[in-house]
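Both complexes below contain subunit A, partnered by subunit B and then by subunit C.
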Partner chain A sequence: MAQGGSGSGASIEFAGVHKRYDAVDVIRNLSLEIRDGEFMVFVGPSGCGKSTALRMIAGLESISQGQLSIAGRVVNDLPPKERDVAMVFQSYALYPHMTVRENVAFGLKVRKMPAAEIETRVAEASRMLGLEPYLDRKPKALSGGQRQRVALGRALVRQPAVFLFDEPLSNLDAKLRTGMRAEIGKLQKRLGTTSVYVTHDQTEAMTMGDRIAVLAPLAEAGESNLMQCGTPLELYDRPQNVFVARFIGAPSMVVFEAGRDGSALSHPAFKAPAVIPARWTPPAGDRVLVGARPEHVRPLLGGSARAQAQGLVVRGEVEIVETLGHEVLVHMDIGGGTILIGKSFTHATLPAPGDVVEAEVDLERLHLFDPATQQRLAEGV
Partner chain B sequence: MKGDSTVRAPWILHPILWIIIAVLLYPVMWVVALAFSGQQSLGLADLPANPTFLDRLRMVMPWPQSWSFANFVGVWTEQPFGRWLWNSIVVAGLTTVVGVAVACTAGYAFSRFRFAGRNAGMTLFLVTQMFPGTLMLIPLYAIVVDWLHLDNSVWGLVVVYSVTAVPFCVWMLKGYFDTIPTEIEESAIMDGCSPGRVFFEIVLPLAKPAVAVTALFSFMTAWNEFILAATFMEDDTRYTAPVGLRFFVSEFTAQWGYFAAGSLMVSIPVVILFLALQKFLVGGLTAGGVKG
Partner chain C sequence: MTKARTHLGRSIAAHAILITYTLIALIPVFVIVINSFKSRKAIFAEPLALPMPGNFDLVGYTTVLEQGDFFQYFLNSMTVTCASLFFVLLFGAMAAFALSEYRFRGNLLMGLYLALGIMIPIRLGTVAILEMMVAGGLVNTLTALILVYTAQGLPLAVFILSEFMRTVSDDLKNAGRIDGLSEYRIFFTLVLPLVRPAMATVAVFTMIPIWNDLWFPLILAPSEETKTITLGSQVFIGQFVTNWNAVLAALSLAIVPVLVLYLIFSRQLIRGITAGAVK
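Showing the complex of A and B:
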């Protein structure tokens, strides 16, 4: 299927966008550019405004302040049908009284497209999505996955400048979700249409997005809902604040407060003070927030391992042991926080709750944040 | 399982249900028997001088001594019954069209839009239903006859019946529209539909059961009404069927046979309308549209 009709150059730009319901701010000062052909994922917890932002692009929500542009054209006051965008809803939102064929063709019929062209596009989309056997069925005779395919097909035939996806997979079971995730990703790459995808599932965000915009509820975010925007690896490797550090990655990064004296970090659970790598610019105060991902925390099993440890050694009591099959997660209480050890244990070395264990944290992979601003400390190269 | 209350219950309930059905159907059967009896008196059988139990039983059985269409023929020939029936069809038909049109649009607005006076409006609709209809007679007469000069006119009755039926219909339709997921409408908006097209092509087809009930209610409100029609219509060629029927049973005459035959014929259009609308009275029209 050819790329969007009027869809060339369909970048999207939020410029200082606010959304208020009565006197309550839901979105504040959102500034973000989504490039032409990009797959952008909005991710965040409930109430962060990700769906509202998407609905503002669709034209289903008004913009209280600021400017929203699609393909360089300000669309603040344009009705949805003049924005050349198609949307896939979380709940499918199919027309129950129409067959699959009529559902898919409806948007084209509304636009008064010639019948032959409608037929061609419907045939093409249904072939692409495997909907051919179901074209004459009503939505109630389809499974959840098939319904979501119809919803996709309905967006696809329009060949719009922008695709909007509002948590389209959250109603599907885990297996179907994985399959559809790959299908949507492949389709988007193939069509090259600018897409904005909303999800609260960070696995979806990490696997699908060219870039991810992490949004936070205003109560946590402060001046703007947008906490960070970047490629999946940028967010994972260099989270710009504690919110993103904790939100991206499963299991989450552990962030705890430590004392600072010059470049030395101290904490009751540390076996010895640790020296912050030189690339970090220390914060102003004598406290610092330290973040560590479980995969960068290694258990020290046996005397020789402990003797050879070069990094930051922490000691604490095991709280819970989670066996996931491919790895074991050990939650270790370090007084005022819990650190996760994500390395593989053997059956023989698996600790039990209550055991006191030692673990080595890779100092080079630590993340440091300013306790006052919650922002990542400046780093040299 | 033997002794299981869920198995035994129907056998206990059956006689009770049969009694209820008999009580409900007895008057209807009496009207049918009277209509086909060919006679005008209320009694279907004569009681002999020394009646036996069977004679007495026969007196209360809704079964004519002989079957005849004479009452039906008499109704059509002795009075302009066809004209009255036609007047009723016109009044009830127009009331249905006006009532459904107003109620659908109002119900949708109350369901989907937030505006000043929305809650007060719905409450007011409910309040109007709390007064007996006859209480409205004088103000309605003042409005329809004195102000609008629509006495003796089909439109006068249509206006009155429509406003009488609308509050209930708006409540019912609003309740039904509330159950239609807004995402379906938003989906149509994204497909390029105007608000009007969303309403007519998406919402109304999904609200068919409620529209059918509303139509039936509006039709029957107008079809069965007697007091207002008798008040506003002075010319006997303008009478509706219920008003015309009273001529058969008046102070001086009591042609119960004609009355019963006329009543049966009056009920036929309602039965036809019900059968026609029955196919829309189904649930689950929105099934499959959104994740349930």
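Showing the complex of A and C:
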């Protein structure tokens, strides 16, 4: 188990994959490569086809058009058992009439592995996951977290070429989820097995994935469900479209429309027109979508701060104040939109709803999108 | 206080109703059994008296065991019931699995067609069935009875089991598929154990009418070698004279096997009903 997966170079490739139910498209034109040993996360809101895509890899869902290959072999028509994949389900899907030990060993028994080998593997997996105390219990007698571990163990003992995770943590409470998140991540790094992980939670995606594929429902996506695929930081720093910009990052990026004249941006809430940094290629029309992350909006407290402000200064009324402890989120109404200020305030400087405040937006870290195509504007490096 | 009292009152009322019902249901059985141990005179003189040294008589049992081949009748009934039950459960469960698990053209129609048999009594087709059995040379064989009873039991079995199988989680079956199980093994090792309570229900509902049936044994298999216990008991009911001792003894004996089978299945049944509640 320590030598890292099957080592067979289990990359996964979607080439123009479509999925139709009757006449309705669920997945359109999905092309994506998952590299050997990579931890890939499919993330998106419900209905975006992320689970369907995962189930296609597993062989539980047929492919209407296009090609899916695992380790260079086209698997479109291969049944699940011949794909050398193991899957962890959201509902855990433990066999309720078997003990934990039988659950974990079942897949190996089915494959007619010698009993001694099964025993070693089960022992190893249960040691890794801390399952030893419950090996002889039935799933009914376990807590949610323990069941999740058994489900992981069942996947682990198989030593498959690919691990598939279908929202495995969404039934756990928040604290357990954070713990398991780190644990699954560590396990995957240690084994080096190609893994695909489906979640609707962008935090989970950002923290776990080597790369993330953001999918959108076809109604919003148009040509293909795949909105962007890249490392967590690529998605955070350079979202390719408004959908990804809003989806990645918590709290989400605020995107609002501003007027444009040359390279100057104007908006009723701006104290003065702001000049777009030179690296951006100006858009065609006279409108542009401006995106700002709360962490790049700094409150201007006191006259001296206001005087020193260099960037884009916005002014508006405070709507609500959310105190999270380590930071405070202030929702500021800027006329037709809300901007979030996400910097630390002290007790003395905490604004109240109704106050008019000023804030400085970091111009260098603005995101600009074309209002017509919703795509990121071109920028030089 | 008042709350506790109404609870107690309600509980007494509920139990009174249940006990009354139980008594009504059990008294005929009780009367049959006690009278089977009495002399003919005592049966008519005091039908409700318990067997006492004065009226105790085993003549019914000795007649039954001497006359006719009662052991053979028993064996026939057992064979027919168990075989029919086996086939009903096997084919019923398989059909139910196909209907609940796979999306195919005509799935719904097929389900309705299979459920139609619940509403149309199979006895309406007796003449056609008899003709078929004659043509197939199956008259006076147990096979004929097993075939008819399997057909009779299937509709209800398919109906109940397919509803239950829909409740088995898809993830579970998919986990099995990924673990490398064939569809047959998913059916036998995952789904069947999980619908065991439903199987027990179907078994009980299927078994009792088969064991008690007089109609088809009389028509399809009345020969001495293939008589079932119900039909066998009829020899003691004559047009002019009825040997009550023998009839009651035969009936008492006939209750035993079906009672044993019922006890076996009902344990499963109760376990199934309480499985969710007791956790």
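As a convention for this text, the second predicted complex is superposed on the first by the 375 of 381 C-alpha atoms of A that agree within 3 Å, B and C clash if a C-alpha of one lies under 4 Å from a C-alpha of the other, contacts with A are read in each partner's own complex, and residues count from 1 in each chain.
Please note the rule applied: a contact is a pair of C-beta atoms (placed from the backbone, for glycine too) under 8 Å apart; a residue touches a chain by one contact, two chains touch by 3 or more.
Source: prediction; values computed, not measured.
Asker: Check subunit A with both subunit B and subunit C modelled on it and let me know: fit or clash.
Answerer: Because the two structures are overlaid on the shared chain, the partners are seen to clash.
Asker: In the overlay, answer first, second, both or neither for which of subunit B and subunit C A:39 touches.
Answerer: A:39 sits against neither subunit B nor subunit C.
Asker: Taking the superposition as given, does A:247 touch the first partner, subunit B, the second, subunit C, both, or neither?
Answerer: Neither: A:247 stays clear of subunit B and subunit C.
Asker: Contact-wise, after the overlay, does A:139 reach subunit B, subunit C, both or neither (first, second, both, neither)?
Answerer: A:139 sits against subunit B, while subunit C stays out of touch.
Asker: Going by the contact rule set out at the top, does A:171 touch subunit B (first), subunit C (second), both, or neither?
Answerer: So A:171 only meets subunit B here.
Asker: Tell me which partner A:147 touches in the superposition: subunit B (first), subunit C (second), both or neither.
Answerer: In the superposed model, A:147 contacts subunit B only, not subunit C.
Asker: Where on subunit A do the contacts from subunit B and from subunit C line up?
Answerer: Residues common to the subunit A contacts of subunit C and of subunit B are 58-60, 80-81, 85-87, 89-97, 106-107, 110-111, 140, 154, 158, listed in rising order.
Asker: Which residues of subunit B touch subunit A once you look at their complex with the stated criterion?
Answerer: It is residues 181, 183-184, 186-193, 197, 202, 205-206, 284-291 of subunit B that touch subunit A.
Asker: Along subunit C, where are the residues that touch subunit A in the complex?
Answerer: So the residues of subunit C in touch with subunit A come to 169, 171-172, 174-181, 185, 190, 193-194, 279.
Asker: Which subunit A residues qualify as touching subunit C in the complex?
Answerer: That would be residues 55, 58-60, 79-81, 85-87, 89-97, 106-107, 110-111, 140, 154, 158 of subunit A.
Asker: Which of the residues in subunit A come into contact with subunit B in the complex?
Answerer: For subunit A paired with subunit B, touching residues are 58-60, 80-81, 85-87, 89-97, 106-107, 110-111, 138-142, 144, 147, 154, 158, 171.
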